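Both complexes below contain chain A, partnered by chain B and then by chain C.
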Partner chain A sequence: MMLQASDISTSRQTMSRAGTRTLAILAQFARFLLVAMTTYFGLLAVTFFIGRIIPVDPVLAVLGDRAPAAVVERTRREMGLDLPLIEQFYIYIKGVLQGDFGRSVLTTNPVMEDLRRFFPATLELATLGTLIGSCVGIPLGVLAAVKRGSWTDQVVRIFGLVGYSVPIFWMGLLLLVLFYVKLQWVGYPGRIDVAYEYSFTPITGLLLLDSALQGEWTVFSSVVHHIVLPALLLGYFSLAYISRMTRSFMLNELSQEYIVSARAKGLSEARVVWCHALRNAAVPLVTVIALSYASLLEGSVLTETVFSWPGIGLYITNSLQNADMNAVLGGTVLIGSVFIALNLIADLLYRMLDPRTRVQ
Partner chain B sequence: MTIVDRSPITRREWLTSERPSSRWQARLGHTYATWQRFQSNRLAMVGLSIIISLLIAAACADLLATHSPLVGDLSGARLQPPSLQHWFGTDDLGRDIYSRIVYGSRITLFVVVLVAIIAAPIGLLVGTTAGYLGGWVDAILMRITDVFLAFPQLILALAFVAALGPGIENAVLAIAITSWPAYARIARAETLTVRNVDYIRAVELMGAPPSRVVLRHIVPICTSSLIVRVTLDMAGIILTAAGLGFVGLGAQPPLPEWGAMIASGRRFILDQWWVAAAPGLAIVIVSLGFNLLGDGLRDALDPRRSGQ
Partner chain C sequence: MNFSKTNFTRRTWLMATVLASIVATTPLAMAETPADTLVQGYALDEIITMDPAEAFELSTAEISANIYDLLVRFDVSDTSKVQGDLAQSWTISDDGLVYTFKLKPGLTFASGNPVTAEDVAWSFERVIKLDKAPAFILGQFGITGDNVTEKARAEGPDTFVFTVDRPYAPSFVLNCLASSSSAVVDKKLVLDHAIPAVPSTDYKWDSDFGNDWLKTHSAGSGVFKLREWRANEAVVIDRNEGYHGSKAKLARVVYRHMKESAAQRLSLEAGDIDVARNLEPNDLEAMAKSELVDLVEAPKGTVFYIGLNQKNQRLAAPEVRQAFKYLVDYDAIGKTLIKGIGRVHQTFLPAGVLGELSDTPFKLDVAKAKALLEKAGLKDGFSVTMDVRNTQPVTGIAESIQQTAAAAGITIEIVPGDDKQTLTKYRARNHDIYIGQWGQDYFDPNSNAQAFASNTDNSDRSKNSTLAWRNAWHVLELTAKTDAALMETDSAKRRAMYEDIQRTVLETSPFVLLFQQIEVAGVRKNVRGLKLGPSFDTNFVGNVTKD
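Let's look at the complex of A and B:
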C-alpha cells in the first residue's frame, strides 16, 4: 500500500516535472523569439532612420531638380512622404515584411529581385571561406594549445594576428597581381569565364553546386578557378579568428580534471586531445564558427569589390556610389537579417549541445 | 643620487615592498609589477615600440617627411619606383609616397583616438549603469545594446556614411556608433561581478548616491579590461576606416589616408605595384602593433587569464 502511494506520488512528480520542463522550454523559445523580434525591429528602425537623414531629397532624386512644383508635390504625396514620420515608418515596415524594398534606381529592378540574384554569390563565397577557415583553423588552434609556449604556438599566434591586421582588400589586390597576372594560376576577377556566362544556366545560383549537378565539369573547373582566391582569402580571415578561439578553449579544457583522469586511465595523448578535450571545446566553437560565418557574409563587401564578385557587397557599394538608397537599405536589411538569424542559431545550438545551459 | 643615498633601501625594493606605507607607493608598486610582466613579453614590447613609432611619426611628421604630402611634381616624377630621392616611390600625381604615409599616420591616429574617446565612455556608462541598477533599466539598456551588437559593423558604417555624406568625421562617427555596444557588454559583465561585493555595500551604507558608486567605485574596476578591449579593437577600427577610405567613403582626396591611397594605387597595381603596396604595409604594421600591444596588456593586467 505504502509502496504504491509513493509510486504514484513519484510518477506524478515526474509528470509535473516534465510539464514544467516543456513549459520552461516554451518560455525560453518565446524569449528567443522576442529577442529576435526586438532586434529586427531595431534594425528596421535604424535603417529607416538612415534613409531619412540623407541630405538628398528623395523626390528630387526621382524627378530631377527641374520638375514643376505641382509635380513635385504630387510625387511627394504618391511616395507617402507627406505623412507623419510614424506612419511612414509603419508603411516601411509593412513593405519590408512583404519583401518590398522599393525599386533600385540603378538597375530599375525591384530591390528584392536584385538581392535574390546577387545573394547566392555571397553565400557561396562565405560558405567556402568558413569551411576553409574551420578545417584549417581548428587543427592549428588545437596544435597551438597542445604545444603551448613552443615555437609552433608562436608561429600559429603570429599567423593569426597577421590575419587580424591585414586589410582584406589590400591583400586581395596583391594576391590577384601575383596569382592571376604573374603566375596565371587563377581566373580573372568575376565568378565564371565570360565564355560560359551566357551558355550556362544556373539553377540555385550557387555555381559550384549547379555545374556539378548538371555534370558540366569544364564549367565547374572554371568556377573553381575563379572562386579559389577570394575563398582562400576569406578563409584566412576566418582561420585567424577560429584558430585563436580554438586555442583558448582547448587550453581551458586541457586544464580540467577530467583530462587528468583520462590520462590516468592510460589513454593515448591523441585520444585525450582529440576525443576528450576537443569534444568539449567544440561546444563554444560552434558559436565562434557561426559568428565568423556571419562576419564573412558581411566582410565580403570589400573582397567582392576587389574581385568584382557579383554579390551583395558589390551591389551595396555600387549602389552607394550612385546614391541609390533603396538598394543600400535593402542590402543592409538583408545582411542584418542573416546576421541576426545566425546569432540566434548559434545561441540555440549552444544550448542544445551543452546540457549545462539547458533550463532546469 | 641624493634619494638613493638617504634611503636605506633601493628604489626597486621600495617599489616591490610587501607593506607599502602609502596609497601612492602601493599604486606605483602595482604599476611596476604590471610593467615587469608586460616587459617580459617580447611580442608585446614589439607592439609597444610600433605604437610609439606611430606617435612619433604623427607628432614629428613635418620633420620626418621629405616632401609635401599634398603637392607633387607633375612634370617629372609621376609613378616613379622607389629610389634614394623617393623612398617608397611616387604616386600618379607625383607625390612622394613615403611623405604621404608619414602624414597619413596623423589621420590614422585621429580616427583611432576619436573613436575610442567617443565609444569607450558611452559603452562604459551604459554598461555600468545597466549592471549596477539592474531591473528594467538593465533590460532596456541591454536590449538597445543587443540591437546594435547584432548589426554588421562595416555595412552599417557604410550606410551611415552614405547617408551623412562621405568624409573622415562622418566615418569616425559611423565607426563609433557601431563599436560602443561591445564595451557596454564588457562593462556590464565586470559590474555584475563586483555589484554585491562588501566594499560596494560599505560605500552604499555610507550614504553614497548611485551616481557616486558607479563613477568612483565601479568604473575604475572596469577600466583595465576595457583598455585591453579598446586596444585590441583599434586594429579593427583602423581596418574599417581604411575600408571606408578604399570604397571612397572615408577621408576624401587629397588627404593622405592609407585606405584611400590603396584605392588610388589600384589602377596602377599591374605595373607600379608600390603605389598600393606601401600604404597597405603601413596599415598592416600599425594594426599588428595594436594587436600585439593589446595581447600583451591583457596578459599583464590580468595574470589569471594570461596565456589564453
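Let's look at the complex of A and C:
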C-alpha cells in the first residue's frame, strides 16, 4: 500500500512538473504574442495617424494636380477620407485583420503583392551585405583587439571609420564610375541586365537563388555582376560597425581572469583568442549583427537610389512622398515583422551560445 | 591534420577561382543593349495608370502616343495644325456644332479586330462615364454621361459624328481631340475584360469599362503595344506587327525607371541604356563633350513661374506685383541654372502654340523695383514666405530670387517641401509666394489662357482651381476675353486675341513667368532617328533604328 501510494505521488509529481513546464512555455508564448500584437497595433496606429496628419492631400496622389473639383470630391468620398479619423482607422484595421492591406496608389497593385516583389530585392542585398560585413568585420575586430595599440589596430580603426562616416551614395557613385564606367567589371543599373529582364522568370524573387535553381548560369553571372558592388558597399558599411563592436567586446573578454587561466594552462594564443574569448564575445555580437542586418533590411534608401535597386526602402520612401499611406503602412508592418523575427532569432542564438540563459 | 588543412585551403582557392571566373567572364559583352531593343533611362515614378481615360501624366502621354491612335494628331512640323490619324477626312457643319469624321479604310487594332466608328464612339463614352482626371477635356464640349452616346456616335462602320454644345473655334475642338485622352481603344477586347460595378450615387454605371484591366494592359492600334508596366521599374512596349502604317523599326522599347540624372549618365556612358531622358545641367554639359553621345532637344509646353498670392495685402498691390517682375535675374538664371534645359520666357503661352508671344520686357532692375515699392508705400521692404519644392532647378531659382529681392529690401523666407506637400498648400491658397511649373492640359492656347487668366469665382469654396484662382486674382474682364477667344472661328483673329490677353497678363498679373522648358535627351551615337516632339505625346519612337 505504502509503496503504491508513494509510486502514485511520484508519478503525480512528474506529471505536474511536466505540466508546469508546458504551462510555462505556453505562458511565454502568450506573452510573446501579446507583445507582438501590441507592437503591431502601436506601429499601425502611429503610422496611420501620422499619415493622416501630414499636410499632404492623398487625393492629389491619386488624381494629380489637374483633376476638376467634382472628381476630387468624389474620389475623396470613395477613399473614405471624409469619414472621422477613428472610423477610417477602424476600417483599415478591419481590413488588415482579414489580410487586406489595401491597394497602393502609386503602383495600383495590392500592397501585399508589391511587398512580395520589392522585399526579396532588399533581402538578397541585405543578406549578402551582412555576410560580407560579418565575415570580414569579426576577424578584423579580433585582430585589432589582439594587437591593441599597434599600427594594425590603427589601420583597422581608420578603415572602419571611413566606412562609417563617408556618405554611402557618394562612395556608391565613385565606385560606379571606377568599376562600371571605366573598368566595366560590374553591371548596372538594377538587379539584372536588360537582356534577361523580360525573358527570365523568377521563382522566389531572390535572383541569385532562382537563377542557380534553374541552372541559368549566364543569368546568374549577370545577377552577380549587378549585386556585387552594392553588396560590397553595404558590407563595408556594416563591417565598419561590426568590427568596432567586435574589438571592444574582445578587449573586454581578453582582460578577464579566465583568459589568464587559459593561458596558464598552456593553450596556444590562437586557441585562447578564437575559442575562448571570441566564444564569449559572440553573445553580445549576435545582437550587433542582428541589429545591423535589420537596419539593412529596412532598405537602405540611398544605396537603392544610387543603384536603381527596386527594393523596399525605395518603395516606402516613394510612397511616403506621395502620401500613398496604404503602401507605407504595409511596409511598416513588414519592417516591424523583420525586427520581431530577428529579435526572436537572436534570442534563440543566445540560448545556444550562452548556457546561463537556458536556466529557468 | 596538416594534410586536411592544405586540402581545405586548396578547396577554398578553387572555389574562389571559380567564382572569380564567373564574375569575370562577361565583363565587356554586357555593356550593350540588345540590337532590336531601345532602352531609355527615364524617371517614371509619376505613372499611376496606363489607361488613356485615366492617365494624365506627361510620361504616360508619351507612351500612350506610341501605343494608341487618335482621330487626329498634331502635325509635328507645325503644331498649330492637326492632321488625320485614324480619320481620313472631316467636315464641320455650318453652325459649327457637328464634326463628322470619315475613318481610313481597312484599319485594325493590334488584337486583329477592325477599327470602326463604334470603337471611337465607345472610347469617348468610357472617358466621359469613367470621369477620371482627363475627362474634362471632352466634357468641356457639353458632354455628360447622360448624353455622350448621342453626342459622340457612330453612323455606320466608318463615320463618327461628334456634336459640341457651342460653336467653338474649330482649332480648339480638333486640338482637344488630338490629346491622348481621346485615344481610340478596342471595344471588343476591352469589354472582354470589363468588371461589373455596383452603381452608386457617385458612379451610375454597372461596368468599369475595362478600367482595371487597361491600367496595366493596352488595346490600341498604334505602332507599338504595351507588353508590361511595372511601377517604378519599367515600361516595355513591343512592335505591333499588324500596324496599318509603316511598322516600327525596332522590336521593343524599354523605358527603364531611373530617378537620378547621375545614374542615367553613368549607364549612358557605359552603354547599358541608349537614351537618357532626365539629365540635369551639369551632366548635360559633360555629355555635350562626350564622343559617344549626341544631345537631342526640343522646347516643351511647360512654363515655370512664380505666383504671388493676392490674399497677402502687400503682394496684392499692383506696384509690388510689377516690382517682383524686375527682381528676377533672368540672364543669370538662363545662363546657369536652366542652361540647356530651358530658355527665358515671360509670357504664359509656350513657343509652338497658336498665339505664342515672345516678348521679354523685364530684366533685373533693382532701382526700378525699389521705386515701385516706394510708390506702394513699402519703402522699407517687407517679409514673405516662398514655398519651394526640393528639386532642381526650382530650388536654385528660388535662392537666386531670394538674393535679388533682398537687394530691394524684400526678405523671402524659403519654405522647402516635397512636391505633393507644397502643392497641397498651394491648392488651399495658404502660400505667400509659390514657385511652380505648369504644363498645358492639351495643346491649345485655351489651356494656359484659362489657367493664368480666368477666375470668375474668387471664393474659397469655388469649384475652379485655375492658377488665377489659386493666387486669388479675381479677373472678370480677362475671363470674358478668354471665353471670347475660345469661340473665335477665325484662326488669325483668335491668334491676335491671345496675344492681347498675354500682354495684359504680362503687365498686371501676379505671375512672374520665368522660363519655358526645353527637353534634352542624351542619345548614344549608334541610335538613329530619335526625335523629340514639341509635346510629350509627339515623342515617337517608331522610326528609331540602331546601328
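Please note the rule applied: the second predicted complex is superposed on the first by the 273 of 360 C-alpha atoms of A that agree within 3 Å, B and C clash if a C-alpha of one lies under 4 Å from a C-alpha of the other, contacts with A are read in each partner's own complex, and residues count from 1 in each chain.
We take it that a contact is a pair of C-beta atoms (placed from the backbone, for glycine too) under 8 Å apart; a residue touches a chain by one contact, two chains touch by 3 or more.
As the structure is a computational prediction, the values presented were derived from the model and not from experiment.
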{"item": "A:S248 touches, of chain B and chain C: first, second, both or neither?", "value": "first"}
{"item": "Which of chain B and chain C A:Q321 touches, first, second, both or neither", "value": "both"}
{"item": "Which superposed partner A:E269 touches (first chain B, second chain C, both, neither)", "value": "neither"}
{"item": "Partner chain in contact with A:I335 - chain B first, chain C second, else both or neither", "value": "first"}
{"item": "Partner chain(s) touched by A:V46 [first = chain B, second = chain C, both, neither]", "value": "first"}
{"item": "First, second, both or neither for A:V181, with chain B first and chain C second", "value": "both"}
{"item": "Partner chain in contact with A:P167 - chain B first, chain C second, else both or neither", "value": "first"}
{"item": "First, second, both or neither for A:T305, with chain B first and chain C second", "value": "both"}
{"item": "Which of chain B and chain C A:E87 touches, first, second, both or neither", "value": "neither"}
{"item": "Intersection of the chain A residues that touch chain B with those that touch chain C", "value": "54-55, 173, 176-177, 181, 305, 321, 323"}
{"item": "Contact set on chain B toward chain A in their complex", "value": "43, 143-144, 146-148, 150-156, 158-160, 162-165, 235-236, 239, 242-243, 246-249, 259, 262, 266, 269-270, 273, 276-277, 280, 283-284, 287-288, 290-292, 295, 307-308"}
{"item": "Of chain C, residues touching chain A in the complex", "value": "22-28, 30-31, 33-34, 37, 39, 41, 45, 48-49, 56-57, 131-136, 139, 202-203, 215-216, 227-228, 231-234, 236, 254, 256-260, 262-263, 266-267, 269-270, 272-273, 418-421, 423-425, 427, 441, 463-465"}
{"item": "Chain C partner contacts - residues on chain A that touch it in the complex", "value": "54-57, 60-71, 74, 77-78, 104-109, 114, 173, 176-177, 180-181, 183-185, 187-190, 193-195, 197-198, 217-218, 220-222, 224-225, 228, 305-308, 310, 314-315, 318, 321-323"}
{"item": "Footprint of chain B on chain A - complex, ascending", "value": "35, 38-39, 42-43, 46-47, 50-51, 53-55, 148-149, 154, 157-158, 161-162, 164-171, 173-174, 176-177, 181, 247-248, 251-252, 294-295, 297-299, 301-302, 305, 316-317, 320-321, 323, 325, 328-329, 331-332, 335-336, 339-340, 343"}
